[in-house]
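Written below as structure tokens is the structure these notes are about.
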Amino acid sequence: MTGNFPYLVVGILFVMGFIGIVFEKNLMKIAIAVSVVEAATNLFIITLGYRSGGSIPVWTMAGSGSSRMVLPTPQALTLTAIVIGLATTALMLSFAMSIYRHYGSLDVRDVRRLRG
Amino acid sequence: MIEVLHLSILVTIVVSGFLTIWFRNLLSSVISLAVLSLFISLEFFFMQAPDVAIAEAGIGAGLSTAIYIIALRACGRKQFRKEGER
Amino acid sequence: MKARILFLVSILVVGGLLWSGLQAVHPFGEPNAAPMDDYFIANAQSEAAANNVVTSIVFDYRGFDTLGEGAVLFTAVISVAALFRKRGQH
Amino acid sequence: MSWQVHLPALLLAVPLLGAFLAPLTALGGKGLRNTWFVLVSAAFTVIAFLLWTRVGSTGTAIYVMGGQGWNLALPSGMSIPVRILMEVDAFSAFMVLLSAVAALAGALFSIAFMDRFSGLEKFVALYFLMVTGMFGMEITGDFFNFFVFLEISSVASFGLVAFWRDRGEALEAAFKYMLVSTLGALMVLVAVAFLYSKYNVVNMATLGKVIEWGMVEKTALVLFLTALAMKCGAVPMHMWMPDAYAEAPAGVTCALIAVSQASLYGLFRVTYTIFGAFMGSPVIPWVIIVLGVLSMFIGVSMAVIQKEVGRLIAYHSVSQVGYMLLGFGVGLLALSDARAMAEYGFTALKGGIYHIVNYTMYKGLLFLSAGALYYATGCRNLNDMGGLGRKMPKTMVLFMIAAAAIAGLPPFNGFVSKLYLYESTFAVHPILAVFAMVTSVLTLASFVKIFQTAFLGPALKKFENVREVPGTMLIGMSVLGVAILALSLFPTWSVNHLVEPAAKALVDQASYVGAVFAASLTGGGL
Amino acid sequence: MNPLSVVARTVCNLFAWFLAVFGIYVIVHGHLTPGGGFQGGAVVATFMAFLLVAHGGRKMQSWVRKELFTLMECIGLTVFISAGLLGMSNTFFFNFLAKAGGLFGSTVPLGPNPGALNTSGTIALMNLSVGLEVVGGLSMILLYMFSGVHPEEPFGREETGHDR
Amino acid sequence: MWDQILTGFGYWDVYAWISFFLIAGGMVFLIRSLGRKDYKQGSDQDEIFFGSNPVPEDGEDLKVPASSAYWGYTQALKPFYDVLVGFHTGIATDYAGWYILVTALVALLILL
């Protein structure tokens, strides 16, 4: 019944994140949009690894007689991607805070001393 | 039944993602982002990925929201003079 | 203004690119044959002696990635600390 | 076998360990920190050199992370590798050697250059992390691992670009760099996920073996191509590059160049080794060639009108990257055609690879001498400078060497790689060679401008107290200066020993793939 | 940030300690149940965030020192990479403790089973070290970003080395 | 002995260039030695001629600033440079926008 609906959700999240990155003017909002794209990427990778009817890839909780597990590699990759996403988010917000200290503004149209 | 729940979670993800971009107010936007993370972590539970779900709930919904709110506090008021710039 | 319309169109084109790519991957819930993942599921207990297959991938089969991940977190922490360091702090 | 099989792992473990322990060196004070900085830098340079000689003598080196044996790529009963592989062929080893030399020079330079600033143990840690990321990108044989190292090097370079956090411009440059770079890295991850979904494998060699040409692969190729081209600064995605290069501390910029070369390495590993079989259609090669020509021309045009030293040189980076993209694009165009490959493709490829080594050396030296000017005078605007040649003669000589090399004046090495590029691109289309030559002329013009306004001219009163920079900075600059002179005086040696093996390894997709599958046939164990 | 009211502080204290215990459980049982060093570390760091919100930054900074977290982080990562280097008799990151007897060296039966804590070799060790690193790192990020909200010094020329 | 690199069309020989420079340098010295013998350093022969005005003390007033270099070149190509400088807006979101634009272009080229 769900069909390829999760893929559609991933695609919509990507496009919304891109629109946020390109058209927002506030540095903090841009960071939020980057977070949305990160969330979309994580959702995408996990979605790729789902096997319908599969069980958790943990033998402790798998229940007896279950041989069909969902793919474990995407989960390991996503775990890495989530922590990397947190690291970049924290750094980007720190930059935004420091830029606010120097420029007194978070607007990208004010933060453009380097140009030409 | 479980399919309906799954679909409604996916719809909530889209709606909260849209609201995250849509809100002008930064604090509302951050809260929407936390909701987005929370529902994505629920979606991970549905896709049998509890490892990632715990990570997403702890990091995405908990910590990064805290970091965002700290950053918003630093930028909310005009408290630094502009003359100090080089 | 012209550039912004161009950007909007290009975002939609990139969305179309991703969408067409997503159409070409396997349907949701029915992945292709997965020899690597089946190997992990079958051998995580005998090789890495861990019940949690994901943890055995994260720390054994792809342990080096995890070191890199820890290094990214470390890098971000050091960068934030360098950004907010006190004056004259060595 | 000997301990030398562990060199790929050591190459990454040594700088990582150096970075993890660097914050603790704050306990031992300045001397301990500087000693640690130099020791670890020297250690990874030595390891890189040993790795290069080993690959030169015994062929492609394989290392299985966490396997029973270092060469047990395929576990029993499997036809694909499941663990992370490090795969070092001649091209990777060449890039590693190059990056190590640039990083060593930057480290030696930074000791005295950064001495007046605070938080230096953090600087050391970030520097080593950036070096690790760049080495990892160059020697890994696994796509997800490539993404992780791309992130390490990117995040470390954001921190380093913003290290002078009291300059608003530095923070601005870091933010801009970070925005595009994070986006590009995410797209790389999406591309890796696409490839994973189709083939259930993230190993590069295996992908090169099993890949077919379909919708998923096209999507992945587009995402890889633009993300990595952005990371190495192709026009019109280059705007972060002058910002970041000009605002970072000079020693860091020297290593940042090597980082962008690592992205270039990734781009050509993807296009040549993974997708090389599908380059029969000329679309992708022409995209790369057009990006290269645009980068060359627009980069150098913008450089001519710049007023800041760092920004001027950084715009030249854009144009020099264009040369490499041009050379590699022409090589890619000829990849599936043996006759064209022999006629001009291989020459273009050699030109591109030779340009990588030349570019890393002289551009690093240029940034270091710009940093020396900043260290001595405290200003970065060319309008404020003048008459420094008498005060800083050694810096001036080193700058002259680098400027003559980049402008392609004979007898320096810059001309050799450009000669290769002119003659091979002329065979494809004459207009490409014309663009390359015009770019070369404008390059010379803008370096004459720097030389004339900064070093020549009447002595200025405000620079009366300016002295020559300290010895360690001069040593760091001399490492690159000596390298440039050696490359200039022994062109045959460098072509035969550095460039040709790398070019052959890049073209030879079968041996890159075969190394993984052949090594495991000999069985595990030591 | 100012401390919250007494009621809120008490509730936060209560929940925070539950979080800490749960996080440590997740770290230690990483190879048996869903979780591991990163997840558990993130949960413990959320405990830090709770305390920070409830009690305010000034009080928090008087309780803990940033150097402690730096030390935790460096030690965690060094143990992690050393566990990799010790496997160098075979390869880097070889799981040399698995099925070798001793602590963490037991074998596990195949198929679904409840599992035992002393299995999985270096995985358990790496879980602990990564947990240590993540707790230290995330708390450092929180504390440093918090100290950036209200910098003690007025903003000005913070470095003195730009010109002579 | 002779370090030559063949490119397929021509060759590169660094020692030929070095010997050329040596010979050229020798000729320069030869020509220089044919010059006037009555030049003395420190006398008013090496005074700067500043349009018969007094020479300023500080070099600041003498030197040509960098922005004046290639004035004619930039003036002649002004339309080109106006477009080019306008293209480098310095707005962070535009950087991302150009990246996405190039991705879209390459995607169209490959997929069509």
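As written, the chain order gives the labels A, B, C, D, E and F, with residue 1 at the start of each chain.
FYI, a contact is a pair of C-beta atoms (placed from the backbone, for glycine too) under 8 Å apart; a residue touches a chain by one contact, two chains touch by 3 or more.
Remember, it's a predicted structure, so these values are computed and weren't measured experimentally.
Closest to the protein's overall CA centre, chain by chain, comes D.
Set side by side, C-D and A-F show the greater C-beta contact count at C-D. Taking the mean of the C-alpha atoms as each chain's centre, chain D and chain E sit 34 Å apart. For this pair, chain E with chain F, the centres built from the Cα atoms lie 55 Å apart.
In terms of their C-alpha centroids, the spacing between chain C and chain E amounts to 20 Å. Chain geometry summary: the mean Cα position of chain A and that of chain E are 22 Å apart. Those residues of chain B in touch with two or more other chains are numbered 50-51, 55, 59, 63, 67, 70-71, 74, 80, 85-86.
Counting partner chains per residue, chain E shows two or more touched chains at residues 32-34, 36, 38, 70, 73, 77, 81, 84, 92-93, 95, 108, 111, 113, 115, 134, 138, 141, 144-145, 148-149, 151, 155, 157-159. Along chain F, residues 85, 88, 90, 92-94, 96-97, 100-101, 103, 107, 111 each make contact with two or more other chains. Within the complex formed with chain E, the chain D residues making contact are 6, 9, 13, 16-17, 20-21, 23-24, 63-70, 114-118, 164-167, 376-379, 465, 526. Against chain F, in their complex, chain A makes its touches with residues 18, 21-25, 27, 30, 108-109, 111-116. On chain A, the positions that touch chain E within their shared complex are 56, 58-66, 79, 82-83, 86, 90, 93-94, 97-98, 101-102.
Those residues of chain A lying in contact with chain B across their complex are 1-2, 5-6, 9, 12-13, 16-17, 19-20, 24, 26, 28-29, 31-33, 35-36, 39, 42-43, 46-47, 49-50, 54-58, 61, 69-70, 74-75, 78-79, 82-83, 86, 89-90, 93-94, 96-97, 100-104, 106. Against chain C, in their complex, chain F makes its touches with residues 94, 97, 100-101, 103-105, 107-108, 111.
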